[in-house]
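Written out below as structure tokens is the structure these notes cover.
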Amino acid sequence: MTKNVIPIGPFHPLLEEAEYFKLTVDGETVTDIEVDIGYMHRGHEFISERKTFTQSIFLVERICGICSTSHPLAFVHAVEDVAQTEVPARAAYIRTLVGELERIHSHLLWLGLAGHFIGYDTLWMWAWKYRESVLDMFEVVSGNRNHYGIMRVGGVSRDVPADVIPGLVAVLDTVEGKMAMLAKAAADDPVLHSRLKGVGVLSRQAAVDACAVGPTARASGVAIDVRKDEPKDAYGWVDFKAIVLPNGDVYDKLVVRVLETFESIKIVRQCLDKLKTEPGPILNDVKEIPAGEGIGRHEAPRGEVFHYVRTDGSNRPIRHKVRAPSYVNIPTCAVSCKGIPLADALITLASVDPCYCCTERAIHVVDRRRRIRAVNLVELSRRKTERLRKEIHG
Amino acid sequence: MGWYNKRLAKSLWVFHVSASPCNNCDIEILDLLTPRFDVERFGIKLVGSVRQADVLLVSGVINQKVAPYIRRLYEQAPRPVFVVGVGTCPTSGCCFKESYNIVPRREEIIPIDLYIPGCPPKPEAMIDGIVRLIGVLRG
Amino acid sequence: MSGSIIVQLLLFPGFLFSAGLGLMAGWLDRKVSARFQYRVGPPLFQNFNDVFKLMGKETILPKSGLPWLFTAAPVVALAMLSVVATLVGGALFFGRGAGGDLVVVIYLLMIYSVAVVLGGAATGNVFSSLGAGREIKLLLADELAFLLVCLVPVIRSGYSLELDRILAAQAEHGVFLGSISGVLAFVVGLLSVQAKMALPPFHIAEAETEIVGGPLMEYGGPLLAFWKIAQFMMYAVFPFLLILLFWGGFNLRGMGWLGAAGKYLLIVVVMIIIKNTNPRLRTDTALAFFWKLAAPLALAAVVLAVLGV
Amino acid sequence: MVDKNQFLEAMRNRIGSIIDKKGRLYFELADEQLSEVARYLFRTMGCRLSTATAMETYHGLEVLYHFSHDATGQYYCPRVIITDKNAPRVTSITPIVPGAEWIEREMAELWGIRFEGHPGPEKLLTRRHPGRLDRPLRLRRQP
């Protein structure tokens, strides 16, 4: 049989973002894979050197819309590492709360997309339906669905008032119940088993060699979790497990993510509990950042986010290095995709939960001839936010 | 053409062009299809091939590497086709204006008919934008 | 006489009727799927709007590949399904074999699949050719099971291939669905129809997130509209065929049309439920499923039918 | 388990000045020692390469590797200083640490640093790039 080259990308429904995978196939078996990235490169590191530390928080938030807590959190950790600043306890709990809510929403997002990729749209719709509740919680905590803008050097910018907490706990209870149902439906489906078990195996050694992180590594039996290894914020004070599974196939990656979601719900619950009583400020005033260098990291939903900041005593960094988890996870596909059928290779590509924007860090109607008499939906949306707030405030 | 435009307004098939975005608009676009917002009730459908698209949803500042592909996608789409810019990035360039890898004049790459600002725009705002496009089509 | 054949072919029960019914059944499919997924779903005449809109779009022919084949394939597919709809519908509604029997129906349906393959291969696009390859594999997989399934009513009606005789035999001895072999064949038939219509879990050839719509990837505008109509017509043709072969056809006298609509809707809804509760299979899994499970079951049904059970 | 002091003991002859902060250990070393230290960190101690950072100062270019020892949360950051700004070169550690492949390619294209012995020294971000990005992250671009 002749060898064909299948271009996955730059625009392909499998990829939400523009990316280019060149799969060499023999019949339908993938024999080689070549990754070409750079379609998302926006030069974050370059721009960041021209922004102050506070401005940079908003910039790094826009590295990726799904990890929009992890990057700012890792960045403020890095700056705090330079300045050796301590964070108030209440702020630490809020950071952990937001970080774990993000993990729940991201894992639900992945579960849904994975369903979509193997042609199971019902799973997609169900997962995203419950994800909306998590986004509602975000709207209450931070005021926005994505891009929360809540991290600051030395604390957080916004408090979680005690009177919203019962409402949040109620939403969390529903999400947990629905998640259990979804997990059972996904984990017990025999067709899903036949589709995902033993597919795209990444051995432990390959994961170590590629320096893989996050659920990709943990599903291959590599026990690394920044939350356990270097507990920052409130991670040292809450009780949770790092999920590690041995097989390294797509199914294990799914299970790791599902189980992690339950752990995250547990953490969120503990944080909300503490926030009811924990007094104190939410922001330590950091006057200046001394010259020096610092490393900050955070366990994002996809793995360890790494930020390195070097300062010279001025109000902006002279070097800001960002390394997102997908940057080290995507190369593992080269190992796990070889020699398996195309249909499997594609779900394997998706199983590392690739996030290319991270990897490369890098209303007006034009035609105004007629006035449009439609209900102003922006106004409606504002009203809905108000209503939700009222409902949750009780 | 009035009759045809009405049919078109009721059946907008959307192709999603991500031109170096931060992913956020993209997942909010997907969010539009999911139970809470469900744009299928307006007849809007996400298609995988640009040959079948009526609306190109462009999200993100266009970087230099992806620009030729965006141009080619626009040329491949069968007319009539509308281009909607989702988010602050296609509108103004957001915080990436200073970067070395960005196309300075986005409208030269792909002429955008409708901008939906916001970072990211709430799904309600996107529905609002699309409803306005439908309103224009209906005359 | 020739005039009435043309009317039958174009209006009822041929092209226009089956296309209209198919588009509505397609709407039902989208609506029920949406309700499955906690959504509202599209408005009533959505599929008509889609088709009319596609008719007005620009047609783009591929530069590489064979433009004439690219254009001819959807037309041929549509014509084949119109003929099948006329044959099956003629037997169902007027109780007469309109010059063709079961063998003709099976061959015409096969030509439809071949048209899909040719249309996909004519573009020169990698994904389309992959999709065409998968369509052939799927055809290989489900064809044997489908043929064996079709044999069961033939045997039970006393070895007659005429559609109207099969109906008459059922009117005389009771519907074939009432026997073990009939039920077995009906279930396998439902699954192979699912594969023939490229519905999940057998939408392997069109897997959108893998090969971007497969054979139909390069199609747009009116030609895509032809494909869409053809695909929606299958929503009329296949349930009709199953009703004809196993469920005694329609009794349209008096309130009988209610029962007829009930039979039709039941089959369509079962297909939609299967569609919504399963992820896409791999090509090899689908092959294994049809060759190792479905075909032997159908064979067993044939043996049972010969034994008269 | 090898801890920080044992590492310093074993590598005493190979590394230069050390900055020791809470949980982070930055140390300078010469280019010739890089492979040995990387092998010790990655193979013997079981560290994971988080990433590497290149940066430009007024004295020259620096490449700073970040090895994470996950069991203790300790970071080991070997720093190689290159004084030749015109033709900077460093020994590649990709043969030892496969996970360094992408980051070295990226540094090579954004900073113009040559990594000797890299198995696939192709461009990472700007392959098939229509424009020409000339080491965009350097402070003063060379003509």
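Just so it is clear, A, B, C and D label the chains in written order, and each chain counts residues from 1 on its own.
Here is the rule we use: a residue touches a chain if its C-beta (ideal position, glycine included) is under 8 Å from a C-beta of that chain, and two chains touch if they have at least 3 such contacts.
Since the model is a prediction, treat every value here as computed from it, not as a measurement.
In terms of the stated touch criterion, the partners common to chain A and chain C are B, listed by label. Interface comparison, B-D against A-D: more C-beta pairs in contact at A-D. Separating the CA-averaged centres of chain C and chain D is a span of 61 Å.
Chain B and chain D have Cα centroids lying 41 Å from one another. Chain A and chain D have Cα centroids separated by 27 Å. Centre-to-centre separation of chain A and chain B, using mean CA positions: 24 Å.
In chain A, the residues touching two or more other chains are 12-13, 38, 41, 43, 46, 124-125, 129, 362.
Within chain B, contacts with two or more other chains are made by residues 34-35, 48, 65, 100-101. Those residues of chain C in touch with two or more other chains are numbered 37-39, 208-209, 212. Under the stated contact rule, the graph of chain-to-chain touches falls outside the line, ring, star and complete shapes.
Within the complex formed with chain A, the chain C residues making contact are 33, 36-39, 126-127, 130, 133, 200-201, 203-204, 207-212, 276-285.
Only residues 64-65, 67-68, 100-101 of chain B touch chain D when the two sit together in their complex. Interface of chain B with chain A (complex): residues 16-28, 30-31, 34-36, 48, 50, 60-61, 63, 65-66, 69, 73, 94-96, 98-102, 112-117, 119-122, 124-125, 127-129, 131-133, 135-136, 139. Chain A meets chain D in the complex at residues 36-38, 41, 43, 45-46, 81, 84, 208-213, 223-224, 229-230, 293-295, 297, 304, 306, 308, 310, 318-319, 321, 323, 327-328, 331, 360, 362. Residues of chain C that touch chain B in their complex: 30, 34, 37-43, 46, 49-50, 52-53, 56-60, 208-209, 212-213, 216-221, 224.
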